[in-house]
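Both complexes below contain chain A, partnered by chain B and then by chain C.
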Partner chain A sequence: MKEIKLSINNQKIVVPAGTTILEAAKEVGVHIPTLCYHPDQAIKANCRVCVVEVKGSRKLSAACSTPVWEGMEVITTSKKVLDSQKGVVELLIASHNQDCLNCQRNGTCELQNLAERFNIGKTNLDIDILTLPIDDGNPSIVRDPSKCIKCNRCVETCSKTQGVDVLTHAHRSDQYIISTPYNLPLGSTLCTFCGQCSAVCPVGAIVEKDNTEQVFEAIENQKKHVICQVAPAIRTALGDAFGLDDGAIVTGQMVNALKQLGFDKVFDTNFTADLTIIEEGNELIDRITNGGTLPMITSCSPGWINYVEGKYDHLLDHLSTCKSPQQMFGALSKSYYAEKMGIDPKDICTVSIMPCTAKKFEAQRDEMNTNGVRDVDVVLTTRELAKMIKMTGIDFEVLQEKEFDSPFGIGTGAAVIFGATGGVMEAALRTVYEVVVGEPMPSIDFEPARGLQGIKEADVDLNGTVVKVAVAHGLSNAKIVMDMIDKGECPYAFIEIMACPGGCVGGGGQPINTTMATKSKRIESTYKIDKEKLQYRKSHENPAINKLYEEYLEKPLGHKSHELLHTHYHPRDKKIGNIKLK
Partner chain B sequence: MGSVTETKFEVLNDELASKIDKILSENAYDSTKLVGILLDVQDVVPKKYVPMDVAAYVAAKLNIPLTGVYDVITFYASLSEKPRADHVINLCKSIVCKTNNYMDLQKSLEKFLGIKVGEATEDGKFALEYSACFGACDVAPAIKIDQDVYGKLTDEKLIEIINSYR
Partner chain C sequence: MSKSVSLITENYNKYNPDSIDEFINIGGFTGLKNALNMSSDDVISIAKASKVMGRGGAAYPLGKKWEQAKSVPGDNKVVICNADEGEPCTFKDRSMLEKDPFRLIEGMAIAGYTVGAQNGYLYIREEYRHLHPQMKNAIKQAKEKGYLGKNILGTDFSYNIHVYSGAGAYVCGEGSALIESIEGKSGRPRIKPPFIKQCGLNLLPTCVNNVETLAIGTALLTHGAEKYLSYGTSDCPGTKIISIAGNVNKPGVYEIPFGLTLREIIYDIAGGVPGNKAITLFQLGGASGKIGPPSLLDTPYSYDDLHKVGLVIGSGAILVVDENMKPLEFLHSIQEFFCHESCGKCTPCREGNKQIAHILDRLLAKTQKDTDVDTLIRLAKLMSQSSFCGLGETAQSALLNAIRYFPEEFGLK
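Showing the complex of A and B:
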């Protein structure tokens, strides 16, 4: 590739052609401030906070969008540059609802960081804040337009990455805002509550709904037996919130912290991920052998379920009827576990720790109850758990490793890889292959399902019958697959779909600053846990699962399973964004 | 902390739908002509605006996202997302009017009309809206009622002018 020589603050550097000033500066250790820039997104160049001086040009240049050229001389340290950058931040703050002390992003906010960097306390400019109501009318996401800096990152995520398209820029000049159509509350649009917008927002304008107080209260309540389950994708992500290396494996420290927070039992969602594989694997075999609806599509990602119920409500029969691992856990906690422990299900409070804001919505669905008792009572995101740990002064880094409690403490490698895109597919195949063929897969590592490619496909030979499978992550990729089914052009028998890019390791509730690079690290760690850290790697080898069937459920797809572990789907209410044409 | 409440604008009926279909087919269902289409559509809707269900209908028929349609409706001052009134009063908020205290004028207007900017009077006579500079800077702060421009107003004069539209 062509190489370009340039200098930044008189330091010489050689970079490949096409590199931007911003990227080149990073190479020499100069961090130019940014706001609208996001490493995984298209260049927007709308905020102008990244301006720098280029010798020979009279106007300042935006570093995020200006490619370097041969002999370019860049200055990032002059008074002129600093005054301009500072001016941009000051202007933003003048129209910003400065409420840092009450703000969920206090400490992780890019605007606040820049205010600190430029030493901006109070501004002399007239304060002029657009007052639009806060939208907190859904279980997952809160939008506060008074904190929005209009960077358009959320708009790109919602429209391009997710293809859901419920956020847009609207109006113009000083009325310019980020909005839903007709400023509808998100709950009245086809928003999937995936939370990807909240994960890319640089400030506190879109955040997860905070349920931490509810958990502190439940733990304080002596009458409640409070238990928690932790999703597979938390153990490789939580460390980020405490400044550990990307993808650090912190399973034991996390369990320790949860025990200190006062949960009566700390369980692993991996247990019910294994259970999901047993039920879903058998459902797939049943559909293939008995002429059921194919392709069958996985159902563990609630953002995906919201999407398909909204946009493809005539294809709901393709969804596996299995509840997600979170909800299977909830149902068992209020039935099997309650009976075993001799506790009234009403006195059990089941909390889940999830990488996902849509899980909050899923837990509140009408059908997700067991004999009238909620399966899952409260859902916390990774970010909220980190907040509780910080609030209680637990020093995460020095924590000793602790083990999950039984009976829901054993999970296999097949369960842990649920956290990465392709993981559910691979886990299912490890079991389905063995059930159908009668011997293990040639290689337990099913490479075609792995990696960050948007749609992955593979052929699996099941005793002479070649079954085509596919994996999609990110809802815009889901759309491509769904359109194939819609047109009758889908060659697959089994499809895994995850709403979030990268799978749950990239969930909308994961620590702030999760980029594609971070997700890769988490995925690496996920497969490392599968390969090196666990005794069992196939769901059907999980001894605790086998015991559960013996003691309680009897057999996969049996009567009890159907009652507790399976669900049904329904078209979303006729929302305005979903007008159906005759 | 207030919550967002849902505004319901259910205006679309079979008659209106067939009028919209006609406009769409005259434009060959070409979404690059969206602005023109919306102006024509707005013209056949009572109170001259593009309600939510109408916008969703147009979006679905043109196979484009509703977000894009909404963006266009709010971008152009000649398109409205809210029911308008018989007369639209535009209050300039641009730089010259700003330095000439348009806020005082706004206060007077809001007092006389009994509404805030962005609202319409109950009798449907007047709507009050902000606007960008319409070239009356020499008489700033300025207003525009429908197509007529007025500036340098005293309270008495303002009442007189408004009453002349009743």
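Showing the complex of A and C:
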């Protein structure tokens, strides 16, 4: 590739053609401020906080969007540059609802960081904020337009990455806003509540709905037996919120922190992930042998479910009827566990720690109850758990490792990889192959399902019948697969779909600053746990699962399973998109 | 009146704009025929020799633009005629659409031939909707007579023209916002690179020219560059269609040779100020243009001479403001325009315009804060240095010149 020589603040540097000033500056240790820039997204160049001087240019240049050229001389340290960058920050703040002390992004906010960096003080500008109603009418996401800096990162995520396209920009000049179709609340659109917008928002304009207080209250309530389940993708991500290395494995520390927070029991969603594999694997075998609807598609990602119910409601039969691991856990907690412990299900409060904002929505779906008792009472995202830990002053870094409690404490490697795109496919195949063929897969590591490629395909030879499978992550990739099914051109028998790019390690509720690079690290750690840290690597080998079937469920797809572990889906109202909640 | 000329406007009122035959009878389409008889490089040489600068406002040399557009690789290219004419006080392109539509079509075809395009798009300001039927009719007739369509005049050159309507946003006059608008998106400018000359309408290489620029193209190919060069001054040859309005006795569109002084234009051509009132200021080039004090009225109307005193030709608009209006009141009305027209995409323009409006309100009401004038200057500079597109970059041109020429209005002297 062609190389370009340039200088930045008089330091000489050589970079490949096509590099931007922003990237080149990083190479020489100069961090130009940014706001609309996001490493996983297209360049937008609308915030203008990254402007720098380029010798010979009439104007300042946006570092994020200006490619370097031979002999370019860039200055990022002049008063002119600093005044302009600071001026942009000041302008944004003057139209911003400066509510840091009450803001969910206090401490993780890019605008706040820049205010500190530029020593912003009393301003001579007019404070003039466009106040519009806060949208908190759904269980997952809260939008506060008064904090929006109009960077359009959420718009790109929703329209391009997710292909849901319910966020856009509207109007002009100081009336310019980020809007939904007809400016309806998100709950009345086809929003999937995936929360990817909240994960890329640089400020507190789109955040998860905070449910931490509910959990503190439940724990305080002596009458309540409060238990929690932790999803597979939390243990490789939570450390980020405490400044640990990307992808740090913190399972034991996390369990310890949860116990200190006062949960009566700390369980592992991996347990019901294994259970999902048993039920879903048998469902797949049943559909293949008895001529059921194929391809069968996984159903553990609630953002994905919301998407299908909204945009492909004529294809709902393709979804596995299995509830997600979170909801299987919830149902068992209010039935099997309640009976075993002799506690009235009404006195059990089941809390989930999830990487996902759509899980909050899922838990509130009308049908997610067992004999009139909610399966899952409160869902917290990784970010909220981190906040609770911070609030209590627990020093996460020095925590001793603790073990999950039984009876839902054992999970296999197959369950842990649910957190990475392709993981459910791999886990299912480890079991299905063995059930059908009668011997283990040639290699337990199913490489074709791994990695960050948007759509992955593979052929699996089941006793002479070649079954085609596919994995898609990110809803825009899901759309490609669904259109194949719609046109009757889909060669696959089994498909894994996750709403979020990278799978749950990249969920919309994961710590702020999650990028594709961070996700890769988490995925690496996920496979490491599977390979190195766990006794069992196949769901059907989980002794606690086998015990559950013996003691309670009897058999996969049996009567009890259907009652507790399976569900059904509804088309969403096209006009208001809304699903009736509890 | 004798100081005005008629070269680009030579056909005004000479034929019925509904009739291609009448146009042909007075020599119409000679320019296109001449062009088709030479290589596109020869056409570019003529454009270069004439030293014509683009008339859309940015004054980009026509020859250079065509040369670059031609050299971009691609067998599918686009010419866009920018008839958005959104700059306040600018109505010279309208006169061309009204009075000589076929010259424009001819110019678009010449441009298409020169740069190697198959399609031309005519983007007409929404407010000119009454002119759409006439333009469409002209295109239809030109096609019927073989001046557009397949194998024009028996050559290999095939070219069609499509008419699109603006939707009322000033920013859609900016080339890339205009393209977004034709593509059916909301009209906000695009990020560069990629430059539209390489990747414009529907991702195709695109050459955007102003109406007047293309009309000049027709004149150059009809009469040769020498004729054009015989007007104006040696440093700034040629003619310019201006639109003059405000406090003058005879507002309107005039074609003038470069080099007349502003005083000659205002007093001899436009008939002076009603009631012989004194001039407070004038603005050249529309709302994004610069303002000047009466002491500059003897400046010759040419790119260089105006540039020397901090003025621009811009769109060719000349707005005269008499003593009934104070500079601050004038700036206030300009500011209202930009507060309405900023597309809102980038911070400096969206937020800067709003802040400046607040300060101008206070200055007018004499309730300003001590810091206001400093803030005003700071923000105006920030906008011109850091905005995403030309709108924010030039929105404070009038203000910055007002500070230079009317410092006392801001308590600076």
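Throughout what follows, the second predicted complex is superposed on the first by the 574 of 582 C-alpha atoms of A that agree within 3 Å, B and C clash if a C-alpha of one lies under 4 Å from a C-alpha of the other, contacts with A are read in each partner's own complex, and residues count from 1 in each chain.
In this section, a contact is a pair of C-beta atoms (placed from the backbone, for glycine too) under 8 Å apart; a residue touches a chain by one contact, two chains touch by 3 or more.
Since the structure is predicted, the reported quantities are computational estimates derived from the model, not experimental observations.
Asks: Between chain B (first) and chain C (second), which does A:165 come into contact with in this model arrangement: first, second, both, or neither?
Replies: The first partner, chain B, only.
Asks: Considering only the touch criterion stated at the top, classify A:175 as touching first (chain B), second (chain C), both, or neither.
Replies: both
Asks: A:41 contacts which: chain B (first), chain C (second), both, neither?
Replies: Touch status of A:41: no partner.
Asks: Applying the touch criterion given at the start, work out whether A:9 contacts chain B, chain C, both or neither, answering first, second, both or neither.
Replies: A:9 contacts neither chain B nor chain C.
Asks: With the two complexes superposed on chain A, say which partner A:185 touches: chain B (first), chain C (second), both, or neither.
Replies: Touch partner of A:185: chain B, not chain C.
Asks: One more residue to check, A:133. First (chain B), second (chain C), both or neither?
Replies: First partner only, chain B.
Asks: In the superposed arrangement, does A:515 touch chain B (first), chain C (second), both or neither?
Replies: Touch partners of A:515: none, neither chain B nor chain C.
Asks: A:150 contacts which: chain B (first), chain C (second), both, neither?
Replies: second
Asks: Do any residues of chain A touch both chain B and chain C, and if so, which are they?
Replies: After superposing on chain A, chain A residues 169-175 contact both chain B and chain C.
Asks: For the complex, give me every residue of chain B touching chain A.
Replies: 1-7, 9, 52-53, 55-57, 59-61, 65-71, 74-75, 81, 93, 130, 132
Asks: In their complex, what parts of chain A are in touch with chain B?
Replies: It comes out as residues 133-137, 159, 165-175, 179-185, 188, 576-577, 579, 581.
Asks: What does chain A use to touch chain C in their complex?
Replies: Those residues of chain A that touch chain C are 43-49, 51, 59-60, 62, 65, 67, 80, 83-84, 87-88, 91-92, 94-95, 124-126, 128, 149-150, 169-176.
Asks: Which stretch or stretches of chain C touch chain A in the complex?
Replies: Contact set of chain C toward chain A: 169, 171, 186, 188, 191-193, 339-348, 350-355, 358, 369, 371-372, 374-375, 378-379, 382, 384-388, 393.
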